[in-house]
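Order of writing sets the chain letters: A, B and C. Residues in each chain are counted from 1.
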Amino acid sequence: MKTLGAIAVIITGALLLYASEDFPAWGDPHSPASQYRVSQHYILKTFEETSVPNMVTAILADYRGYDTLFETVVIFTAGIAIIAILRGPIDKRVRLRLASEKKLRESNLILAQTCRLLVPIIQLFALYVIAHGHHSPGGGFQGGVIFGGSLILLAISFQLQTALDRVSEKKAILLAGVGVLIYSGIGLVCLLLGGNFLDYSILHNLLQVDPITARSHGILGVEIGVAFTVASIMFAIYANLSSRGRMKGGL
Amino acid sequence: MTITEFVVSRLNYWIYVILMMIGLFAMISKKNLIKKLIGMSIFQTAIILFYVSMGVKEESNIPILEHNIAHASDHAEASDHGQVEEIRAENYANPLPHVLMLTAIVVGVATLGVGLAVVQKIHQEFGTIEEPEILAKIKSGHG
Amino acid sequence: MVDQYPAIILLAPFFAAIAVSLFGSWKNGLCLPMAIIALGISLAASIALLGQVAAEGEIVYLLGGWSRPFGIEFRIDPLNAMLLVVVTTVALLTAVYSTQAAVLETPNKYPQFYTLFLLLVTGLLGMSLTGDAFNLYVLVEVASLTSYALIAMHSKRAVLASFNYIIMGTIGASFYLLGVGYLYIKTGSLNMVDIREILQETGLYGSKTIMVAFMLIMVGVWIKMAFFPLHGWLPNAYSYAPSSTSCILAPLMTKVTVYVMIRMMLTVFGPEYVFQYLGWSNVVVWMAVLAIVAGSIMALAQTDLKKMFSYIIVAEVGYMVGGVWLANETAFIGAFYHVISDAFMTLCLFLAAGAIITKTGKRSISEMEGLFRKMPWTMVGFVIAALSMIGIPPTCGFFSKWYLINGAIEAGHWGYVVALLFSSLINAILFFKVFEVAYFSKPSHGQEKDENQPESAGTDGVGEPPATMLAPLLITASGLLLIGIFNQDIVILIRQAVSSFGFIGFLN
């Protein structure tokens, strides 16, 4: 197996390098990928068409918004999948052992106080990253991960239960579903108003703005949906993996 | 093109290919299930590196318009210099690979999460995460 | 509303999945009706879309209203319109089947099961609809992640099989992603039609990068469809999965991936590049011959019913890959007709196996004694599926093999003809072995009682499965006959799509 694997790997690597002789040089502004009209259009027209200065955000949530919808679905699926895989009937012995473990870990004072200070700041920053994705690097995924990180920090520095008291697993999955629903719901509203799925410009009647600004608002809406899903699923994944799906004890 | 030139001018591709080979080898040949997942992660990271290096453009900036450029038309009359800066494609990096990799990162995280959950389940069921030991257990009828 | 059919097909199961995840844990009883209603809507919309495509030709649906190549689009031609009908039909029948099976096999994970099930269907529908190379990767991952989880929900062995599937599946998807990256670096586009136009216009056929991109994408999809010798993950994953999971995965996953391969070859690279410029047809057809022979022989060695079917799938993948790569119209019609008929044949076999295993609790072929007496209707469905697999008229299996063999003769590829006949012969042996045990041998009561602890009803109490299991099986079985009888209509539709690709005998 080892030699077979090594041979396969070397052949693949050699092929990939063989092909790279044909590649444009690193950072070449005249490479086909940079010169073709897709990239040019994104750079030159994004602001004109969506009024969002951050091209990455605009492409992510609008031009290729359908991709991003399913990216959110992938995350959501992962959360559901992990629960489906790990959840089993809870063993009685395990429950007894966990009950005796309960008082085992006393929180360290410095740790607890630092964490208490940090968590709200992290969450505030997460909200900023989500809301400011139009103008600076950021958006739903980045902000959502940061927000999820704050909950994980809570679970690490206190106990898993401390974090679960704030956001139970059930609530996390519910919020994740709500996030996907916000995203796809905005798309569906576009469809019901007579446009194509995810065509935010059709929302201008509803929002009382011009079609281009409507696109910008639509992008903000779906970013919020993404943030909901990512934040809650990140936490759900951590909670499940750290407690082997029992949602008790933790690391 | 000489060999050294080939290596130096395409260093980014070399690095990604080597990383990819490490990852793929670990996925195929390692016996420990967690090591396989580590290999998977390295493999996916290598692909991300490849895509991102594809989006690089020399002497360009991040693909976010600065405020004065974005709102140039609003300020054109008001500004004393009267200079309207145009958006020029060669000033900004290609945004598309970054968007694609945002997606690929998320997919990678999701796959890794599911993979880890499956390994935990395997450990619960078989008591080990070494492939030969698991296969031995299945053969001896514990499976 | 008419021009929104493509979106409705995809969105019905998608919104149902979200609804199930939100309300399912609150009331378990809601899951199944929601799934069935959504799949019904999806099926109706896909039939309507098929009619529309047959009348008007190719339909393009722009997501977000962005035109090619800036946004993502759905492209529906007769081929994937038919595939959509197949996917939604199979999904609906499996959902009905799962009424009892899901309760038995995944008792405390009811809402999770249906969420993942519906998302899997969404992923498969999206894979067949999309006209964007990168978007395809995302949807492949949606379909794969859900199937990993659906397989791992079951027994001990299933978890290990699922892990191997994760590793192999990720390698396949990553190769595909790399291939798309290689295409992007040379063309700058991700839209399938756009890529083909750039390849033709800028004379990129000679580029090494494009060739390696093609190889990477092919190897990626071959891993995903379990093309021999990359099939390692499939048999265990499909045979140890819960029965409703294998009923949806086995018929659809490989077939949709075969369609992805067709799409990649004909829409992205174009037949001129694949068949004329590269000229690898011969090699790949010989690989397919190897796959058919190896799959059949390995199936012969199995004692477990579901595992035997899994190896038959490996052989069937060889049929389809070979048929596509024979590079003439007749063989292509045979290959795509086989995609459709094989989806229903496999569904029928796995439904029958699921019913038998649920009722008797036995997986081994040698333990199937007297089943014709105990569950005659189930066996009727099983026999029709088996006859179709062997290729006996008027079942659809006969017609697909007819076209495949004719195409191979046209191309002058006798190895493929021999392999096809050999595999049909092996299938005949395999199924008559099962019939023999199930029809002729009587259960020897004395030993039976000693070996098996009768669990609930005992071996003698075995009867027909409940109606929710039997009805999908019999509908599928009659579907096999109908697809066979109405083969001309399907062939006309396929021909309509093929004529637009315009490949006539590249091999010669």
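Assume a contact is a pair of C-beta atoms (placed from the backbone, for glycine too) under 8 Å apart; a residue touches a chain by one contact, two chains touch by 3 or more.
Keep in mind that what you see is a predicted model, and the values were worked out from it rather than measured.
S.K.: Looking at mean CA positions, which chain is nearest the middle of everything shown?
M.R.: C
S.K.: In terms of C-beta pairs in contact, which of A-B and B-C ranks higher?
M.R.: A-B
S.K.: With centres defined as the mean C-alpha position, give me the subunit B-subunit C separation in Å.
M.R.: The mean C-alpha positions of subunit B and subunit C differ by 30 Å.
S.K.: Rounded to a whole Å, what is the gap between the Cα centroids of subunit A and subunit B?
M.R.: Using C-alpha averages as centres, the distance is 15 Å.
S.K.: Which parts of subunit A, given as residue numbers and ranges, touch two or more other chains?
M.R.: Residues 16, 20-21, 23, 31, 33-34, 38-39, 42, 64, 67, 71, 74, 77-78, 81-82, 85, 88 of subunit A each touch two or more of the other chains.
S.K.: Which subunit C residues touch at least two other chains?
M.R.: Within subunit C, the residues that touch at least two other chains are 134, 138, 141, 145, 148-149, 152, 159, 178, 184-185, 190.
S.K.: Where does subunit B touch two or more other chains at once, residue-wise?
M.R.: In subunit B, the residues touching two or more other chains are 20, 24, 54, 96-97, 103, 107, 110-111, 114, 117-118, 121.
S.K.: For subunit A, which residues count as touching subunit C in their complex?
M.R.: Those in contact with subunit C are residues 15-16, 18-24, 31-39, 41-42, 62-67, 70-71, 73-74, 76-78, 80-85, 87-89, 170, 173-174, 177-178, 180-181, 184, 188, 191, 195-202.
S.K.: Would you mind writing out the residues of subunit B in touch with subunit C in their complex?
M.R.: Residues 20, 24, 27, 33, 36, 40, 43-44, 47, 50-51, 54, 96-97, 100, 103-104, 107, 110-111, 114-115, 117-119, 121-122, 125-126, 134, 138, 143.
S.K.: In the complex of these two chains, what residues of subunit C are touching subunit A?
M.R.: Counting only subunit C, the residues touching subunit A are 4, 7, 11, 14-15, 18, 21-22, 25, 61-66, 69-72, 106, 108-109, 112-113, 115-116, 119, 122, 126, 132, 134-135, 138-139, 141-142, 145-146, 148-150, 152-153, 159, 178, 182, 184-190, 198, 207-209, 211-213, 215.
S.K.: Can you tell me which positions in subunit C touch subunit B when the two form their complex?
M.R.: Where subunit C meets subunit B, its residues are 134, 137-138, 141, 145, 148-149, 152, 156-157, 159-160, 162-163, 166-167, 170-171, 174, 177-178, 181, 184-185, 190.
S.K.: Which part of subunit A faces subunit B closely enough to touch in the complex?
M.R.: The contact residues of subunit A facing subunit B are 1-2, 4-6, 8-10, 12-13, 16-17, 20-21, 23, 25-29, 31, 33-34, 38-40, 42-44, 47, 53-56, 59-60, 64, 67-68, 71, 74-75, 77-78, 81-82, 85-86, 88, 135-137, 141, 230, 237, 240-241, 244-245.
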